[in-house]
Each structure stands twice: as C-alpha cells, then as structure tokens.
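Consider the two complexes below, in which subunit A is the common component and subunit B and subunit C are the respective partners.
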Partner chain A sequence: MNGLAVQFAGVRKEYPHFTLDNVNLELPTGSIMGFIGANGAGKSTTLRILMGLVHQDRGAVQVLGFDMPAQQAVAKRDVGFVSEDMRLYGAATLAWHMAFIRSIYPSWDQAYAESLLKRFDLKAEQKLKKVSHGQRVKAALLLVLARRPRLLVLDEPTTGLDPVARHEVLHALMEALADERRTILFSSQNTLDVEQISDQITFIDRGRIIDSADKETFLERWRRLRLDVPPAVALPALPGIVETTSSGRLAVVTMNGYEPAVAAAYHDAGVTVQSVDSMTLEEIFVVNVQNRRERSVA
Partner chain B sequence: MNTMIIKQLILKDWYFLRVPIIGYLAAGALSLVLICLGTDAGFFAGLVVLITVLIAVGIHLAMSTVVGERKEQTLPFVMSLPISYMEYTTAKILANLLIFLVPWSAILLAALALFTIGNAGGVIPFTVLLVTELFASYTLLLAVAVVSESQSWSIGAMVFGNLFLQAYFYWITHHPSIVGTMKGHVAIWTSGGITVLITEIAIILLLIGLTFFFQARKTDFI
Partner chain C sequence: MGMHSDLVLSKSDGRPMYLQIMEQIKQRVAVGDWPRGEEIPSIRQLAVALSVSVITVKRAYLELEREGVIVTQHGKGSTVATDPLLEPRLYDQELEQHLDQAARLGNLLGLETGELESRLRQAADRLTQTTALEEVET
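Moving on to the complex of A and B:
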C-alpha cells in the first residue's frame, strides 16, 4: 500500500445520458473526505465504482491496495458501505441482521453494537419494515460500524433525516473517526454536514471532479470582497476572480486564491476594500459550480 | 469462491421463505391425496393442484429472492458484503434451486411412493416427465429473473413457460410411447420417454450455464 485508502486514476464510465469522466481522486489513509455534488453530479456512480458495484470503462481504481473491481470480494472485507437507497430486509428484525453480519465478519464487535443500539435508540427485536427512515439509516450504520471496517463509504447517509437523527448519525461518525486508521468517504448534498466532519473536500459536477483539497485550504482560499469603485476607476482584473457583481459604486468580487496582496492591488488601483469576508462551504460550492458551468457554456 | 458467504446467503433466502414453503408442501400433499382417491375427477383435480403448486413455488421464489432483491432495494446491502457478482449469482442460483427442490422432490417422491404402493406404476414416467418439465420451466423463469432482475421480463418468462406447458401437456398426453403404458401396473420407460427426460435435463443445465454466461458479462450491478 502507498498510504492511500482510495485511488482513482483517469476513471471513465459512460452511460447514454451521463458520463463520469477522467476522475482522479486520492484519499489518504485516516482522512475523512466530504464528496459534494448536486443531484446527478456523479457522486453515487463514483462510490459504486469504488465498491466494485459498477465497472469503470477506463482507468484504474484501487481500494485498500486492491484493484477494483477484480479484487472487490477481498477489498470489501474491510469496507463498510451505506447508501441512501440501501434497504435492509423489512421482514427481519435488526437482531437477525446483526447475527447475519456477525456470521460473515469475524471483526464484529458485539459490545460496540450494543452500545450503538442504545445510543441510536434502536430496538433489536423490532422488524425493520415498521421503523422510520431515520431508524433504518441508523440500523444500517450500526451494522457497518460494529464490524469496524478500515474504510467507510457513505453515500448521502444523512439525506432525509430529521435534525435529531442527523445529529446522532454525525456524532457516531465523529466517534468512529477517533480511530486514526479509519478512512471515511462521505458524499452529501448537505455542505454543513460535510463541513462538520471532513478534513478533505472534493466537489463533483456533471461527471467531473472540479476541485479537491483539504478543508482548511478551501476555506482559506476563497474570499468575498466588497469594494467601493469610484466612477472613473476600472476594476482591475486580478488573477483568481471567479465572479464579479456590481451595483452602482459597490462591487462584490468572489475570489479563489485570495492573498493579502490582493487588497493592496485594489488600493493601488484606487478601489477601496470595504470588507473581506470568509465564505461557507456551500457558498464556495455554488460559486464554483456556477462558474464552471458558465465557462463550459461559453 | 467464498463458500462461507455463499452458504450464508443461501441460509438467508431459506430463512425468508421457510414459512411459505411449508404451505406449498401442505398444498402438494393435498394434490397427492386427490390423485390417490382413485377416481378420474380426483386424478385430474390433484394433477391441476400439483402443477399449480409447483408453478406457484417457482414464481414465489424467483420474484421474492431475485426480482424482490432489486425492487426492495436490498441488493446494495447484499452487494456491499465481501462477495463478487459471480459469487452472488452462484448463491442465488443455488438457493433457488435448493429451495425449489424441497417441495419439488417431496411431491415427486411422495407421488412415486403412492403410485408404487397403489399398484399404478404405469403413471410414474408421465409424472416424472411432467414435474421435470415444471422444473425446466422454473429454471427458465429463474434464469430470466437473475439476468434481467426485471419484473416485466420475469412475467414474460412466466407467460412463455405457462403457454409452453399447455402445449407440452397436450403433446405428452397424445404421445403414444408415453400414454400407451400409463394404465399399466409397473413403470415402463420407453425410448421416447427417456429422450424427453434427457432433453428436459439438458435444457435445465443449458439455462443454468447461460445464466452464468450472461452474468459474467455484466458491468453494472446496482
């Protein structure tokens, strides 16, 4: 192994109306990557390729040092996968599911499973067709966490959860992170969830990875500047400007790769910098996607 | 092949189907009671129940363990386990055939025993050929369900299997080398009967082979 839990190199998957193209992704062991994209961006396809459930047309995928999809059976021994569209058997109880998973994975930790049962407020003897969506997601997470996989792949696990269930799920994930050897890849449309637990962020849009970096770098790099531009002054075209909106003398510039020297450059051009504001991950994501889409149309 | 997990997947399907299978066994027993009444009406009523039971078992199995796995969205859960798709296919085929064999062989063995005891051995070749055709019909449904995972295609396979059964039933009951010995006290396997039996078994094996052939070429499993 090369210290990477997941490695995608030039991966392509073509469907009649969608193409996942040239996906390059590296996830170091022990890190938590938030994988953010809109509906239909290619998050689920990417994670399914990672799990060997969909075969890539081109490119190489390695998971925990194993080639996918060829070695998926071995790789999946140490991978826990939960997706928003995954269902457990409604006619069976959670206790049956726990016994089923225990019979397959020698790493099953019964004591941890029982502690998760209490924390998630789940009843082992209840049939799963009678439980809410939130409880189903928590049950699926319990089954995955209690076997202590080295890699957790979670495809929108918090989608459709109420705020309390979401908090519980995120809390359990954060606890799972206490084990520094564990790696998590976590897709979501909810940037707030991703911001809470991730240390790496990747944006995907229309089948392409559009940006990928550690969270601090993302948040440091992006700034929104409010500028007072006198009528006779032209706004200088500085590198890294992604979006500019103007209303009278006021201009708002969104910038990727902000440095303090930018303020000085505006000052030298006769522009007054009124404020330099940090951006939320959601704002960064939206601007990033809109900008790429506009550029691709142009 | 990871035999441990294949075994667990077979046991899983058996767990979910064990209660209905008991019901089908009871219905199968009823069909044999009717056949053994010794009247023509009882014979045909029992035959209809027997055929219906074996068709119903096959439909129930294929629809709940294969098509249902996709429809109920439990396939991602199963495929997240440490198995390859060929191991999943092996588990599905084995689980289905083994579970189907429970009522199928129970009904067949009970029928053979009853016909032998009742001194009506002549009907044994006809019965064996008929239930083997039902097995082949079920294998077709299973193959289509596993490869397509589609309710529509599976219904199509059921309709085809049922139409073929009607034609087969007409043909076999008018085949001199098979019906000619039916009224006898002992089972007589004519060359015509043996050829039909070998053909049925060959079709079953071919359908299973084709299922693995097509599954090995799939690239998307969810």
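Moving on to the complex of A and C:
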C-alpha cells in the first residue's frame, strides 16, 4: 500500500444525459475527505464507482490498495458504506440486524455497538419500519461503524438529521478517526459539516472535479478584499481574481490564490485595501461553481 | 480527557477555527491551566475531543510552536514551552491585536490620531475609577 486509502486516476463514466469525466482523487490513510457538490453533480456516481457498484468506462480505481471493481470482494471486507437508499429490513428490529452483521463480519465490536446504541438514542427492539428517518440513518451508521472498517464511505450521512443527531454523527465519525489507520470519505451538501471535520476537500460540479486540496490550504487561498478605488484609478487585473463587484468607489474582489503581495500590488496601483476577509467554505463553493458555469455559458 | 474538554469553539465567531484553537490554548497557558513544560493532548486526541479535523488542529499546533508557546517533539507529542517570558508575551500580543483593531475602527470613524489617543486615555481613566470603586465597596 502507498499510504493512500483511495485513489482515482482518470476515471470516466458515461450515461445518456450525464458524464463523469477525468476524476482524479487521492485520499491519504488516516484522514477524512468531504466531497461537496450540488444535486446531480456526480457525488453518488463517484462513490458508487468506488464501491464497485458501478463500473467505470475508463481509468483506474484503487481502494485500500485493491483494484476496483476487479478485487472488490476482498476490498469490501474492510470498507463500510452507508447511502441514503440503504436497504434495511423494515420488518426486522435493529437487534436482528446487529446479530446478522455480527455473524458475517468477525471484526464486529459488540461493546462499541452497544455504546453507539445508547449515544445515538436508538432502541434495539423496535422494528425499523416504525422509526424516523433520522433514527434509520443512525441505525445504518451504527451497523457500519461497529464493524470497525478501515475505510468508511458515507453518502450524505447528515442529510435530513436534526441538529442533535448531526452533532452525534459528526462526533462518532471523528471518534472513528482516533485510530489513525482509519479513513473516511463522505459526501455532503452541508458545507458546515464538511468545513468542521474534513482534512481534505473536493468540489465536484457537472461531472468534473473542480478543486481538491487539504482544507487549510483551501481556506487560505481564498480571500475577499474590500477596496477603495479612487476615481481615475483603474483596478489592476491581478491573477486569481474570480469575481469583481463594484459600486461607486468601493469594489469587492474575490480571489483564489491570495498572498500578501496582492495588497502591495493594489497599493502600488493607488488602490486602498480596506479589508482582507477569509471566506467560509459555502461562500467559496458558491462563487467557484457560479464562476465556472458562467464561463461555460460564455 | 479533562485537560481539553474546556476548549469551546464557536461557529458564529467569524475567525478560522485554527485561530480560535490557538487563542484558547494561549489563554489556558496564560492562566496556568496548562502548566509550563506539561504534556498537552496529541493533535488527534484534541481533534476528536473538539470534533474538528486533524489538519486544523495540526495547523494550530504548528503556529503555536512557531510562536514558541508549545514544543513538539517528533513521535513524543507536544508540551507547553518552558519559556519564562511566555505569559507577559501572550498578553502583549493580545494588546497589540486590540490596538490594531482600535486603530482600524478609528480610521473608519475618521478620527485623528490625537483623538484616538485621548479616547484611550479616557478608557484607562474609566478603568482606574471602576477599580477604585470596587476597592471602596469591599
């Protein structure tokens, strides 16, 4: 193994109305990647290829050092996958599911399963068709977490959860990472969740990866500058500017690849930099996607 | 565990999370909750306890090390530095930040430097008065 829990190289999958193309991803062991994209961006398709549920037309996928989909049977022993359309038997109880998974996976940790049961506020004897969406999501997560897989792949694990449940789930994910041999890849539309717990961030839009970097680098690169531009002074075109809006003397510039030299360049041009603000992941994502879509239309 | 359970991160605080972690650790060190030379939680332990990414805590620790607040020995974890100037320096930095902020606000309000100075003097006077009052009351 090369220290990467997941590796995608030049992956392509074509559908009649959607193409996932040129997907390159590297997820180091021991870290957690948040996968952000709008509905239909290609998140689930990518995760399904990773799990061997969908086969790529082109490109190489390695999971825990195994080739996918060829070696999926071995790879999946150590991978836990939870998606929205998770099939649990509604007529059976959570206790029944726990016993079932335990009989298949020797790595099942009963003590951990019971502690999750308490913390997630789940009732083992209740039939799953009677429980709420949030309870069902937590039940599915419990069944996967208690196997203690080396790689957790979660498709929208926090969607539709109330704030308390979300908090419990995020904490349980971080706890799984206390063991540095474990790795998590999760997709989400909730940029706050991703910003909070991810080490690596990947943006996907319309079937293309539009950015992928470690979170600190990512947040550090993006800045929003408020500028005072005196009349008769032209705003210099600096590299990395993604968006410029202005009204009167005031201009707001959004920049990918900010560095201190930028402020000096504005100063030299006669422009006063009033503030340099960091941006939230949500702001970055929205600007990034809008900008790319506008350029593709133009 | 108890050593880091009292760090609280705020999402409505606009500053990056690594800065919040740095500030809170500095406060703990400044008030002596995290004694000099003592071992502090590992990056991964603190990340799990706070439910924030490992890379964010790692960044906070790197910057704290660069500032001389903590010392990290590879494979051995981190400790609070033994530097005797640590605490005054921490307050000094905080003062510097507040002064920068005051200068910025003054600029926004169009205050002359002299006006800013006299406002600071007034603030200092107010503090002296309050302290004197408290002494009378007790």
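We adopt the following convention: the second predicted complex is superposed on the first by the 297 of 298 C-alpha atoms of A that agree within 3 Å, B and C clash if a C-alpha of one lies under 4 Å from a C-alpha of the other, contacts with A are read in each partner's own complex, and residues count from 1 in each chain.
Here is the rule we go by: a residue touches a chain if its C-beta (ideal position, glycine included) is under 8 Å from a C-beta of that chain, and two chains touch if they have at least 3 such contacts.
Owing to the predicted nature of the structure, the values given are computational and were not obtained by experimental measurement.
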item: Side-by-side fit of subunit B and subunit C on subunit A, or clash; value: fit
item: Angular separation of subunit B and subunit C about subunit A, which is computed from CA centres of the superposed model and rounded to the nearest 10 °; value: 150
item: Which of subunit B and subunit C A:Glu282 touches, first, second, both or neither; value: neither
item: Touched partner set for A:Asp67, first subunit B, second subunit C, both or neither; value: neither
item: Partner chain(s) touched by A:Leu88 [first = subunit B, second = subunit C, both, neither]; value: first
item: Partner chain in contact with A:Asp109 - subunit B first, subunit C second, else both or neither; value: neither
item: Which of subunit B and subunit C A:Asp228 touches, first, second, both or neither; value: neither
item: Greater residue coverage of subunit A in the superposed arrangement, subunit B or subunit C; value: B
item: Lowest inter-chain C-alpha distance for subunit C and subunit B in the superposed arrangement, angstrom; value: 26
item: Contacting residues of subunit A [partner subunit B, same complex]; value: 48, 51-55, 69, 72-77, 79-83, 85-92, 96, 100, 103-104, 140
item: Subunit C - residues contacting subunit A, complex; value: 11, 14-18, 44-45, 47-48, 51-56, 59
item: Touching residues on subunit B, where the partner in the complex is subunit A; value: 2, 4-5, 8, 12, 15-16, 72-74, 76-77, 79-84, 87, 219-222
item: List of subunit A residues in touch with subunit C within their complex; value: 30-32, 167, 170-171, 174-175, 177-178, 180, 192, 196-200, 214-216, 219, 278
